[in-house]
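I have placed the structure first, in the form of structure tokens, so that the comments after it can refer back to it.
Chains here go by letter, A, B, C and D, matching the order in which they are written, and residues are numbered from 1 within each.
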Amino acid sequence: MDKTETNASWRQRLHEIIYEADTPFGKAFDVVLLIAILASVLFVMIESVESLDTKYHSFLNISEWVITLLFSIEYVLRVIAIKKPLKYIFSFYGLIDLLSTIPKYLSLFFIGSHHLAALRALRLLRIFRIFKMARYIGASNKLLIALKASRAKIGVFLFFVVISCIILGTIMYMIEGAENGFTSIPKSVYWAIVTLTTVGYGDISPHTPFGQLIASVIMILGYAIIAIPTGIVSSEMTKNLDSKIQTNTQACVSCSIEDHKDGAGFCYDCGSKLN
Amino acid sequence: MDKTETNASWRQRLHEIIYEADTPFGKAFDVVLLIAILASVLFVMIESVESLDTKYHSFLNISEWVITLLFSIEYVLRVIAIKKPLKYIFSFYGLIDLLSTIPKYLSLFFIGSHHLAALRALRLLRIFRIFKMARYIGASNKLLIALKASRAKIGVFLFFVVISCIILGTIMYMIEGAENGFTSIPKSVYWAIVTLTTVGYGDISPHTPFGQLIASVIMILGYAIIAIPTGIVSSEMTKNLDSKIQTNTQACVSCSIEDHKDGAGFCYDCGSKLN
Amino acid sequence: MDKTETNASWRQRLHEIIYEADTPFGKAFDVVLLIAILASVLFVMIESVESLDTKYHSFLNISEWVITLLFSIEYVLRVIAIKKPLKYIFSFYGLIDLLSTIPKYLSLFFIGSHHLAALRALRLLRIFRIFKMARYIGASNKLLIALKASRAKIGVFLFFVVISCIILGTIMYMIEGAENGFTSIPKSVYWAIVTLTTVGYGDISPHTPFGQLIASVIMILGYAIIAIPTGIVSSEMTKNLDSKIQTNTQACVSCSIEDHKDGAGFCYDCGSKLN
Amino acid sequence: MDKTETNASWRQRLHEIIYEADTPFGKAFDVVLLIAILASVLFVMIESVESLDTKYHSFLNISEWVITLLFSIEYVLRVIAIKKPLKYIFSFYGLIDLLSTIPKYLSLFFIGSHHLAALRALRLLRIFRIFKMARYIGASNKLLIALKASRAKIGVFLFFVVISCIILGTIMYMIEGAENGFTSIPKSVYWAIVTLTTVGYGDISPHTPFGQLIASVIMILGYAIIAIPTGIVSSEMTKNLDSKIQTNTQACVSCSIEDHKDGAGFCYDCGSKLN
């Protein structure tokens, strides 16, 4: 029984360091982690530049292996430190952590797959928790609330946009034809999206007067209907102006859930005691 | 009289299956229809890609004929199942259904016209009714209300945009001239639209310093006045935040009108009994 | 005295026909005018397309002369029909009317100046008065009120945008240099405007890694600060939601001022009796 | 003591002329300064155009030296005229003034550095104080308040945008590869930013069907999420509609702080008497 208790408290301390940013050790761990993530994303980028890769190839290769090993250890510790490891493994952050670790191993079998290490950038989202950026956490929560509330309307809007692009793309394919760069309907639909969203690469552009007329209509349409998602989010935000701010960064020891109330003593999801 | 009754009830059941999504059969019918529409749009797209068309030509051709026949049968059933067929035939969905059916027949006489089958994409709008997506139906209704309310203002705005583009295009034609790609006033107006809407293909772009100055003014203008439609829709949406949601998907047997109140027993337009 | 009275009533009737759209004659006159304007804008456009000009040169030339003569007569009548002609001549519409009439005469002395006839498009703004489009008049009034109220803020915003573009353009000129297309500071400033407003022609684009970094910052900046004019106009519009609609289309006989209250008996500006 | 007093009053009068725009001399000084700034920015621009530089080289060179000397004298006077010079030297405007003065001196040692003189454009921001543009000062204050209030939310938004671009850029690098212009991850990230912000140069564009599909998703994403910063600022502005306007342009003699209340007799920060 003694041993179990020591084990438990050992695990608890590990949980505090790895999962929380409230203690000095916990914060130090997270800061080191952030630096490692940033360095690793940078290395992947540098490696993809041929001239730099030729110069620093072995340094970059070794660095990536070192970081990958560190991430592997961290991942194992995360699984050990929590009471219900499966909950972590299949959580959003758990999957990101796994995906951030394996690319280098995969590169032993599949050439090029180590570029996936750029997915580690997603781990940077932890930055908000680490620096106790209450204001930012509050801000991103408000953003998420407004976006969730307007999800249905934005979904309908995007559905209409896609259907419009399919139809307008087909019409342009029939008007302009392969000789003007509209070689197939999918490509014309791609062009319609490029035009409606006002991106306008110019890799494909209409050449017939009638095609240019239709294109003008699409552009003015795109210019006008951008008002719709904007209006949706604006009105949602105006409504939500006084929603409250959540700042607690604790994560439950057993189920890893966050968003606890300030001063909460027990997890609201599984009832375990909070530190 | 017996026969008439049977006939009526037969027609009523058909109406339930084809026009409504509240019964299991009705839902199944709509799901099959959706899949057929999606498949057919996909086939038209694939056929337009030359390399794929060469490979699968006969398969694609036969599939399109099968789908066209199915759509033809469905169209005839829709006309039979309703008490006032003309109302359906000349309704928005009625016209779309007809236009979705005939392109393949037309292609027997006019080469290339079967591409119009992409118009079938419009039939996908039925998706909201089929899956009883109350939230989405409500969302799209709200969107339509806000857009209708701001129709006049957006109309005035687009009128000003078009007039501005005509005048700015003419000025650029006089400044840059044919040697810089502004070969005619219509083409210069097209360029002004491309620029004002911030699409910016780059197929035509000003080369003289004075032309670039005017172009800069047009861009900044376009960048600033996009605020106008956005402001219009935003204020409309803010006003309409608490409008109610409509979720009933029934359609009247005799006049095909929708938008019945939840729990309504009779059509609000013609007084016929609802199922 | 008799003669003066006849003269006055003759002038009054002319004023009713030319300046107002409330009587059948007044409306007919305005509709004919609109068609003439539209035709004339179309002719100028067609003439600028070389292939069409070669074909229909004499027809287009004669038509333009006919329309110019009609506009000249109309302009003289407008000056005669009003009690204080100078007020009309120097009003916004008065200047537009003059500018719409003279290009063809100017073309006798300056080649190419007849293209200015496209300025006639501005006369189309009269369309709102003619068709008694109360809703549209109201809508455009509201738009103007909101824009006037946010004029100062949008001015400050555009001032910042222009200063930013000057500085960012200079920095890019120093980074990229003439060999990458940034041949001078004015051209780099032009590029900065093209980029910040998200137009992005691609006629000039950064090639050095550091230049692409700065360009990325400019793009994200431009993407974010478009929120500012939009926010300004949105909040102004939300405030002005219940402003009233003006629909009277009468213009005062002596001072030509509009915007009279419905049912007003006398001009609110000079006190003359209204019809 | 007499001498000190004269000295003090001499300094006070200098302060009034240089730092304030309330007296005739102060206003005249500021107007001359503005013209010098505008001229100097114009000269730097003209000099960068090779054809114009060859023509007017010596005139431009001498003019820039004259303006630089004037700015140097002004800078020294500004430092002398204030009681706490360090406060001015390290203030925003103090640093801008220094940076506006030194480029020409630097050009003696580093070729090309005189282009930095374009930074003088920043000095134009003084324009609002000079012309007592109360409305504009109020407007820019309101803008700043709204932007400050939404700083956190916009920061979170831009953070997400950058992370998204890193990940999407990497994915596109793996899909398209060097043969289609996506030569490295940093370049692909640059492309993702160009696309997401709807700039769309077209210097790099996807060529594989799958790449074009991902690009379409990025564009539609960029088209939809522009609603977020817009919504943030709109709701902030709607909230701040009735914030008050600040119009006093006095600056404290001893600490150089501005934003004094109208009619204030003493500096709110250090208690010195105001003029």
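Of note:
Convention: a contact is a pair of C-beta atoms (placed from the backbone, for glycine too) under 8 Å apart; a residue touches a chain by one contact, two chains touch by 3 or more.
Everything numeric in this text was worked out from a predicted model, so none of it was measured.
Interface subunit C/subunit D: under half of the residue numbers present appear on both copies, so the contact uses mostly different residues. On superposing C-alpha atoms, the copy subunit A sits rotated by 90° relative to subunit D, to the nearest 5.
When you average the Cα atoms of each chain and compare centres, the chain farthest from subunit D turns out to be B. Comparing contact pairs by residue number, the interface of A-B is reproduced by A-D among A-C, B-D or A-D, since over half of the pairs coincide. Annotation: 33 Å between the Cα-based centres of subunit B and subunit C. If you average the CA atoms of subunit A and of subunit C, the two centres end up 46 Å from each other. Touching of two or more other chains is recorded for residues 157, 186, 189, 198-202, 222, 226, 230, 232, 234, 238 of subunit C. The touching residues of subunit C, counted against subunit D in their complex, run 152-153, 155-157, 159, 163, 166-167, 169-170, 173-174, 178, 183-186, 189, 195, 198-202, 205, 209, 212-213, 215-216, 219-220, 222-224, 226-228, 230-232, 234-235, 238-239. Only residues 198-202, 230, 234, 238 of subunit A touch subunit C when the two sit together in their complex. Interface residues of subunit D facing subunit C in the complex, by the touch rule stated above, are 41, 44-45, 48-50, 112, 115-116, 118-119, 121-122, 124-125, 127-128, 135-136, 138-140, 142-143, 146-147, 154, 157-158, 161-162, 186-187, 189-190, 193-194, 196-203, 222, 226, 229-230, 232-234, 236-238, 240-241.
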